[in-house]
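These are the structures in question, set out in turn.
You will see two complexes here that share chain A, one where it goes with chain B and one where it goes with chain C.
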Partner chain A sequence: MHIAEGFLPPAHAIAWGVASAPFVVHGVRSLTREVRENPESTLLLGASGAFTFVLSALKIPSVTGSCSHPTGTGLGAILFRPPIMAVLGTITLLFQALLLAHGGLTTLGANVFSLAVVGPWAGYAVYRLLRRYEVPLMVAVFSGAFVADLSTYCVTSVQLALAFPDPGSGFLGALGKFGSIFAVTQIPLAVSEGLLTVLVMRLLVQSSKGDLTRLGVFLADKRPGTRAETEAVAR
Partner chain B sequence: MNKNTKINALLLLVVAALAVLPLALGLGDGEEEPFAGADAQAETAITEIDPDYEPWFSPLYEPPSGEIESALFALQAALGAGVLAYYFGLRRGRRQGEPHASAEQDGGAAEGGAGESAARRS
Partner chain C sequence: MLPIDAAAHSSRWRRRHPVDKAVLGLGLTVLAISLPPWPGAVLVLVAALGVLLGPAGVSPRDLWQAYRVPLGFCVTGAVTLLVQVGGPGGIVTLADGGPVRAGELLLRTSAASLGVLLFAFTTPMSDLLPRLVKAGVPAPVVDVALVTYRMSFLLLDSVRRIREAQAARLGHTTRAAAWRSLAGLGSTAFVRAFDRAARLQSGLAGRGYDGTLRVLVPEARVSVRFVAVSVMLLTALTTLTLALERPLS
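Our next item is the complex of A and B:
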């Protein structure tokens, strides 16, 4: 769930826009480079964007008695690194803002920052960290997707708490309030997103070993010895 | 069903259960509007914190009814699902076609070689 149109004061809207813009510009550069250097990536890039499209369209009931939707950004961040997700996430947010009145143009910067910047980076960081300690691929994928999803909504809560601190309890009071609306609702959905991302990754391992090998998904870390392991997996 | 398919089905089942349980357990019963969107709840929270706040911009286009809105959400999901299905279908087709293609190419001469090129190409 994104921050609705007009629900951030102009100064905040502009500030988040300024904060997000470099990530999106950098992402567009990474994306064009990836497509130019590895034209065979285009299909999988499309599939990663499509995954975000599907998941962010599904509003799912949660334990808090309200609904929210996953983000789907973890998969692309793991496969193609976070800068590319900044672009794919922004496209999804634009679609929803323009056609569905979900999110908005004035809050686009803030929503891009949470969904397309912090989410992918946080998920990717957790994924890389776990892989470095030789955690099994699917456990790392689940954790990465879970964190990408949940961190997005933690950022949304912070953004709203900054814009609307509680008159009595201040920023922290408001953070608790928005956190209970967004972040707590999101916990089971983040689990779902983690499981669905694992499912898609399992299908990719079955169907697209070549792509995954090229993208370094099977590399636990860049230590000697892992290369043989990668080749063994690729066969 | 082989083990892979079973695990995949189990993953989907758990996701479905996670979505259905809150409904089945009636976790939305205490709410004014059960299972409303978290974004709508956030709007309410904002007006509670700052009753004077007026949204200063409204969406350029707003779906005229809930039906149209859900149709557009379904369209978004269908687009994504379509592209994903195309991707996996294409990959599967290529993988199935590959043994034939390489068998024709080198007359099934080098088995190991065919396996390697399949791994590199797919």
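Our next item is the complex of A and C:
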């Protein structure tokens, strides 16, 4: 899921860094504003970052029989929103590169673009869209996590195909090559991550409604005679 | 604590300024991806390995444990360059020059990974993060990263204990049980993370928390001599690569 250190030529590494920069800067501004207005949110955001890091370290059983790691981008985007996820994802990827030797520093820009920008935004867009049409929460959560996971791998395939075009059929051949290799493992993995995210969200709805309300996954409903909280896409 | 960070805390170069180690480690990584893989990446690989096992004093066992992870990715990625799609030979055939391209990629990635490992094995995250403010990273982002770093270890420890408890209660015996256990693990991690944040907030509020986390950073100065020797090594590697490139090609 992560492009390894030194895998991309220098021009590609720089270009993906430049492509990721506006999203990360936007996220940093949102985070800085949030922390200045509510200083206590530093700890909450740090806890969110730690949760994202730990989530990406969990092993999930894949349909193919092997084990793999969830990206956590779908759940992260639904809980913390994509701009914040761009920053938390960047911090997580930096930690993974330096503490676990997963990914790399020269490929950080490319990995941020796929895992911390496109994945969260695509997953969150699907989640919001489905919630707008009043699709049940868990269906929207599954779809968001599935799309976030799959879009991450699609972007990674594009990044690799651009860096290593096929000698015979160029970019499209390479895209087919990397895409088909990823599809064997990643489509089942995306389904697995979607199911895991639904199960986690179901437990969170039961045990942590207060935190979910604070994060905006639920809106506190103050109208008399209605349920104390209504599911909503708050922002 | 994770093995690389634990090794960094007891490294011989622990007291050196992160800039010293960044110039050397990240300089080697930049050379690995910029110079021609043959002989550039080979020279960088040998130099990085020599520094890691020599002056930096990293144990070969720790290095192998960490290095095999990116090496696995490098090998898997390089294999895809051996084949091509389409052409007169069939849908998927062996690519002309595929082994050379795969070999070059393998050399480049393995050398670049060693450069980053040199930095990671000698620089604890707790020394690096607070200094990022001076490098222009906004203080709130560094504070969030610091909390993330410190809380990650507590959460990873909690996750390990919960997994052991689940295994002891036969929580991993069937596929359905494994999924239930995994979901419980993920949600418990979330609940514990937020619970710890709330308790930390209460504790800090009692000590006059104003939104800035002040941590003690070990005193260290950038060593001009170390940086100069590093730059000389990097220059020598570049010169040697350019000199040997034509005769060895």
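We take it that the second predicted complex is superposed on the first by the 178 of 235 C-alpha atoms of A that agree within 3 Å, B and C clash if a C-alpha of one lies under 4 Å from a C-alpha of the other, contacts with A are read in each partner's own complex, and residues count from 1 in each chain.
FYI, a residue touches a chain if its C-beta (ideal position, glycine included) is under 8 Å from a C-beta of that chain, and two chains touch if they have at least 3 such contacts.
Keep in mind the model is a prediction, meaning the values are calculated, not measured.
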item	value
Which superposed partner A:G104 touches (first chain B, second chain C, both, neither)	both
Chain B versus chain C as contact partner of A:L137, first or second or both or neither	neither
Partner chain in contact with A:A15 - chain B first, chain C second, else both or neither	neither
Touched partner set for A:A77, first chain B, second chain C, both or neither	neither
Touched partner set for A:L58, first chain B, second chain C, both or neither	both
Partner chain(s) touched by A:T185 [first = chain B, second = chain C, both, neither]	first
First (chain B), second (chain C), both or neither touched by A:K209	first
Chain B versus chain C as contact partner of A:T32, first or second or both or neither	second
First, second, both or neither for A:Q96, with chain B first and chain C second	first
Chain B/chain C common contact set on chain A	2, 4-7, 9-10, 43-44, 46-47, 49-51, 53-55, 57-58, 60-61, 95, 97-102, 104-106, 160, 164, 166-167, 174, 177-178, 181, 195-196, 199-200, 202-203, 207-208, 211
Chain A partner contacts - residues on chain C that touch it in the complex	2, 4-5, 26, 29-30, 32-34, 66-67, 69-70, 73-74, 77, 80-81, 83-87, 93, 95-98, 101, 105, 108-113, 115-117, 119-120, 125, 138, 140-141, 143-152, 154-156, 159, 175, 178-180, 182-187, 189-191, 193-194, 196-198, 200-201, 204-205, 209-211, 213
Chain C-touching residues of chain A, taken from the complex the two chains share	2, 4-10, 13, 28, 31-32, 35-36, 39-40, 42-51, 53-55, 57-58, 60-61, 75, 87-88, 91-92, 94-95, 97-102, 104-106, 160, 164, 166-169, 173-174, 176-178, 181, 195-196, 199-200, 202-204, 207-208, 211
Chain B residues within the chain A interface of the complex	4, 7-8, 11-12, 14-15, 18-19, 21-23, 27-31, 34-43, 45-46, 49-50, 53, 55-63, 69, 72-74, 76-77, 79-84, 87-88, 90-92, 95, 115-116, 119-122
Residues of chain A touching chain B in the complex	1-7, 9-10, 43-44, 46-47, 49-68, 95-102, 104-106, 160, 164-167, 174, 177-178, 181-182, 185-186, 188-189, 191-192, 195-196, 198-200, 202-203, 206-211, 213, 234-235
